[in-house]
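One chain, subunit A, links the two complexes that follow: it is found with subunit B in the first and with subunit C in the second.
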Partner chain A sequence: MQGSTTPTAQLRRRQAKFFTLLLLIGPAFVVFTLLIIVPVIQAAEYSLFKWNGLGPLTQFNGLRNFTLLLRDLIFQKALLHNLLIIVFSLLVELPLALLLALIVRRGTFKLAVFFRTFFFLPFVLSEVITGVLWSYIYNPQYGLINSIIHLFAPGSTGIAPLGSPTSVFWAVLVVIIWKYFGLHMTIYIAGLQGIPVELEEAARIDGASNGQVTRLIVLPLLATTIQITIFFSIIGSLQIFDLIWAMGRGDPVNGAETMVTYLYKYGFQRFNMGYGSSVAVAIFVICLAFSVVYQRLLLRGERE
Partner chain B sequence: MKKFIAIAAVSAAVFLIAVGSAFAGAQRETGATASSGKVSFSFWHLDTADDQKAYWQGLADAYMKDHPNVTINITVLENEAFKSKIATLMQSGDPPDLFRNWGGGVMIEYAKAGLLRDITSFVKGTEWGKTMAPGVIAVYSYDGKQYGMPYDMGAVTFWYNKDMLASAGYTTFPNTWSGFVTMASKLKSTGVIPVSLAEGDKWPGMFWWAYLAMRIGGRPAFDNIISGQGKFTAQPFVEAGQKLVELTKAGAFQEGFLGTKQADGAALVGNGKAAMELMGQWGPTTEAQNAVNKTGIGDALGTAPFPMVEGGAGASTDALGGGNGYAVGKNAPDAAVDFLKFITAEPANAKYASMGYIIPTAKGADSGLSDPKMKLVKSIVDKAGYFQLYLDQYYSPAVGGAINDAVQQIFAGTMSPAQAAASVQQAYDSNQ
Partner chain C sequence: MSGGIESTRTKLLGNIYRYTLTGLVTLLIAVPLYVAVTGGFKSLGQLQTMPMGLPFPFEGKQYADILSGAVGSFWVDMGNSLLVAILSVGINLALCASAAFALARIRFRLSGAIYNYFLIGLLFPLAVAILPLYLQLRTIGLVNTYWGVILPQVAFQMPWNLVLLRGFFKSIPRDLEDAVAIDGYGPLGFFYYAVIPLSTPILATVGILALVASWNNFFLPLLVFNDSSKFTLPMGVMDFMGQHGAKWNEILAFLTLAMIPAVVLFVIAQKYIVAGLTSGAVKG
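Our next item is the complex of A and B:
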């Protein structure tokens, strides 16, 4: 049959191609449509109604949910927290991960392998377990931190990082960085291992210092990897939920509220599904806009 | 190649069938009657402890034995999983026939959406209706119609450490608010945490605000809100907040109480670190479960009603409380209602009470209570001329959530008592 060019054979081959496509793309396409596209369209519809989640949609509300949302001080606070998480992820978490990756990337010293695993461990824990664990560490009566404080300053009142609206965000931020830097470090190590050793060796023969090798050879070659970790980091920061929920649901007094905890609280828990949907649409638009812009601007080089 | 096409076609077909049947499966079997006189219905609860599961299973088995035509399908889910699953089922318009519910605002939302069965004719003026106090039954009614029935209804009381109070010079719990505040500062000077408050969960603080408003304004303060003649900005609610600010400033609560979860708050009492907590009937159980020794402070634990506020309009017998019961889904067969009657009747109710989990609702079922502290809680419920359901359940979820948030803001000092009261009123107005 191979090599035959009769019309029936061509048709058959086309049919075969079609079925192959159907088989390969079909399941993913159906699942993607059902679980992603349809809910997004539904949420967009719900967001135009005042709806408690029960019964039919009757009270058309126009864009009122969105005007309420944009004016809501707690949502603004939540958005600000998301932005702060992005800023600290980019300025603290990623540089830290990169620095550690540069140190432990090659098994040149014995502990490197150990540290590579050790730093990755926090990422292996689930978000909820991490949250519970750190709630214990921060616990003002029994926690690790306060036990240490009491050891050195007996009789002191101790601190309650999760118990104050002003400190809770920073306490949670520490945990976020602690949890995710290992992931980015591992991605960097993978990227670094893809850089041919010969390039560095050649540079050293030409008399380049360690700093020059890193700055002029390693980092430029790692650029695409860094771009991808920035992308993951920002999207992850915009969507963060579990960890914050487990560490006090974004409270006290919305001190660590993020957009998704806001959505859950003021949408689901309060039976304001219409309003909640408008929050979901807002988050979707923000994430989508960012993805599109970022792909266009930064990841373009990769494709060309 | 032909073979490959065949495989591809068959795979695709199988896949489509699988998807199709998944949809068909989603259209649940209805829990109604079949022509053969056989009846089946679904029964959902969330008690995951072994002896509690066995209790409900035992009731279902006993009922099915007496009614061979009835099949009861039990689903047990853990608390959070239960709530999210129920929310999904409600949104799909497909409630279970009999499911755990706490009455009040959420139940009213379901009832308004036509998701519950009106069982008024089974309860009103019947023997069943006479087995419980009217105030207790009313928790599961809305607009004069009954949608469910409780089996557990307790009051919020102080659970305190008698030994610690004795060290501060108290043999009895103070019955006035000023006496209470004085005691808190005396307790503090003995080096213990006067009061454990799990404000990280918000609702424990709501208990304080609600009780103070009840003591200051009495029933009229709350009735006026429902009738529209009064507002949350009225003096009792603002003054309640002011009293909480004073208590907070006196250092009555543990370090970091704004972030404390209920289990940790209970542990402070159970481990003998804090002198008391204001908690529902589950207080002793959670204190013991979360204590290092798993038994809590034992006989040193006492209970007392919320003190009177001097000059307040409320009666000392007015009680804040709530409990557990079941709501009836819209498609439930009569057998499900009959089963509900069976599980809320005195024998079953007394048995559950004897297991130490509940304050029973059925008349005579308090024979099952052996602990004098639980008997006291029961007597507070029975004597309550005005029984107020927890505010976050009494009102709609939106208003209840706003109340819990506002109270936390009062404790945190980020809102004045007047601002907090105004924010509650605003939520109440926009929810009407």
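Our next item is the complex of A and C:
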């Protein structure tokens, strides 16, 4: 205690603390900075140039990449697809997940534990495995759907959901819901388990029906959890790639293109780093805009 | 109790609705999986004419060829996946646990700022950084190497891991730290002798989430590996599908085998996976 008051001892202690911190945080900080922060900043820089990724950055392009991007019909289509995925996630996937969570949350319903595990299974399979599995289901020659059609209507020409630009998006959308509803259901179940049983019992004793208990007690208490799944679902929908890529790379004719498949094709495959980076910046801005607007809405909702 | 017939009837209707909905969803999950597993045992002709039936005659050839290495490169892909996953998990735990400990238990001026700096990573998808990241990997010479997948993977999992670990480390009582200090240990001693042994549940959660993320990762390997001898399983599945065109019985056999590790892991570690995915969401 006494020694610590002398200036040299204090300095030594500070040095020791500094080196401890450096040892503990340093490696994580360096990896994170070099592999995430620096590339994101570089993407912002590259987006202002015309550049193929080789040689120095010389052809300054101003905001041309962005005006080209926003006018590009394929990018518009990709963005529309991302927005549609958000809409259907919020209107179909989350309500389905909530409905199932309400059914299987308690052990009183027989098989509840089995369903809880089984419904989560598609989420555990990788996107690629899921995508290839459904490519088979949809396959016009051997696929399950067509085999079933042939059983009932022998000799009919089959359908190819992934083969037509008008149907491919909807076919993929089904798979998205199939794969991710279990995650949201699981999050809801965890949230529901935090609601005290006594509260619901008290309401039942007061004569509330099951529907009323759900509507007036359970759902309001689950609000924070629901808000978080909405947020997850929006951000997840904006960055979807693997599943689409495994089910035909966003084609035919860009029928299932999304912003990230677009980024991969135009930035990486054609090695157009400047233009590709402007796509990356656009994705970043759109994600950020959704986060900001969403939080504003939430804050306003809480004040009212 | 009071409603008599009326309430029995609503109860019955309620049960019908519950069993119908859950039954339907169960079928929608079970049928595709069943078809994939059995499809690998069928000839192409059977696959076309009897998709739902059991394989008859039963053909083990597709699975046997893949497992023996005669068709495709299942074991190579599996080995690559394992190597990448194990290194990712190890590095993830080492880097994240130590950083999270410092951010949770050591007081210093920049602590909050550094934590927020890491949290920026939660804001944007991997895709935003991917093009410059690729160029950087090329400059350092990590393209087509395992490290080229491992290090970015670790970096992208870092923010969420720090949130989980820091939250747990903060909850360890102060008294324990004082007790360890009396024994003459500084913060590093406290971390090593007290915090790590106490934190096995959260370390398991973070480790398993990192393992699942690594196992399923496709975007980074797609970008980094151009040599099929380095392909991980998701890349292997895509490659196999490309190479074997319309032989869907072989593709389904490969797919089923590729599915097994994830399903086994899920059955063993379900508790940790669910805890890791829901803890942040429920506490808010």
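Definition applied: the second predicted complex is superposed on the first by the 265 of 304 C-alpha atoms of A that agree within 3 Å, B and C clash if a C-alpha of one lies under 4 Å from a C-alpha of the other, contacts with A are read in each partner's own complex, and residues count from 1 in each chain.
Operating definition for what follows: a contact is a pair of C-beta atoms (placed from the backbone, for glycine too) under 8 Å apart; a residue touches a chain by one contact, two chains touch by 3 or more.
Note that the coordinates shown come from a computational prediction; the quantities given were computed from them, not determined experimentally.
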Partner contacting more residues of subunit A (subunit B vs subunit C): C
First, second, both or neither for A:F60, with subunit B first and subunit C second: neither
Subunit B versus subunit C as contact partner of A:W170, first or second or both or neither: neither
First (subunit B), second (subunit C), both or neither touched by A:N139: both
Contacts of A:P122 with subunit B and subunit C, given as first, second, both or neither: second
Touching partner for A:W178 - first (subunit B), second (subunit C), both, neither: second
Which of subunit B and subunit C A:R270 touches, first, second, both or neither: first
Partner chain(s) touched by A:Q15 [first = subunit B, second = subunit C, both, neither]: first
First, second, both or neither for A:G248, with subunit B first and subunit C second: first
Shared subunit A contacts, counted only where both subunit B and subunit C touch the same residue: 16, 20, 23, 27, 53, 135, 139, 141, 268, 273
Sites on subunit C touched by subunit A in the complex: 14, 18, 21-22, 25-26, 28-33, 35-36, 39, 44, 47-52, 94-96, 98-99, 101-103, 106, 108, 114, 117-118, 120-121, 123-136, 151-152, 154-156, 158-159, 162, 186-188, 191, 212, 215-216, 218-219, 222-223, 233-235, 237-238, 241, 246, 248, 251-252, 255, 258-259, 262-263, 265-266, 270, 273-274, 277-279, 281-282, 284
In the complex with subunit A, residue positions of subunit B that touch it: 1, 4-5, 8-9, 11-12, 15, 19, 87, 90-91, 93, 106, 109-110, 112-115, 199-200, 202, 254-261, 264, 268, 273, 396-398, 401, 405, 408-409, 412, 414
Residues of subunit A defined as touching subunit B within the complex: 1, 12-13, 15-16, 19-20, 22-23, 26-27, 30, 52-55, 135, 138-141, 157-160, 162-165, 168, 248, 251-253, 265-266, 268-273
For the subunit A and subunit C complex, residues of the former touching the latter: 16-17, 20-21, 23-25, 27-29, 31-32, 34-40, 42-43, 46, 53, 99-100, 103-104, 109, 111, 115, 117-122, 124-129, 132-137, 139, 141-144, 147-148, 178, 183, 186-187, 190-191, 194, 210, 224-225, 228-229, 232, 235, 238-239, 241-242, 245-246, 259-260, 263-264, 267-268, 273, 276-277, 280-281, 283-284, 287-288, 291
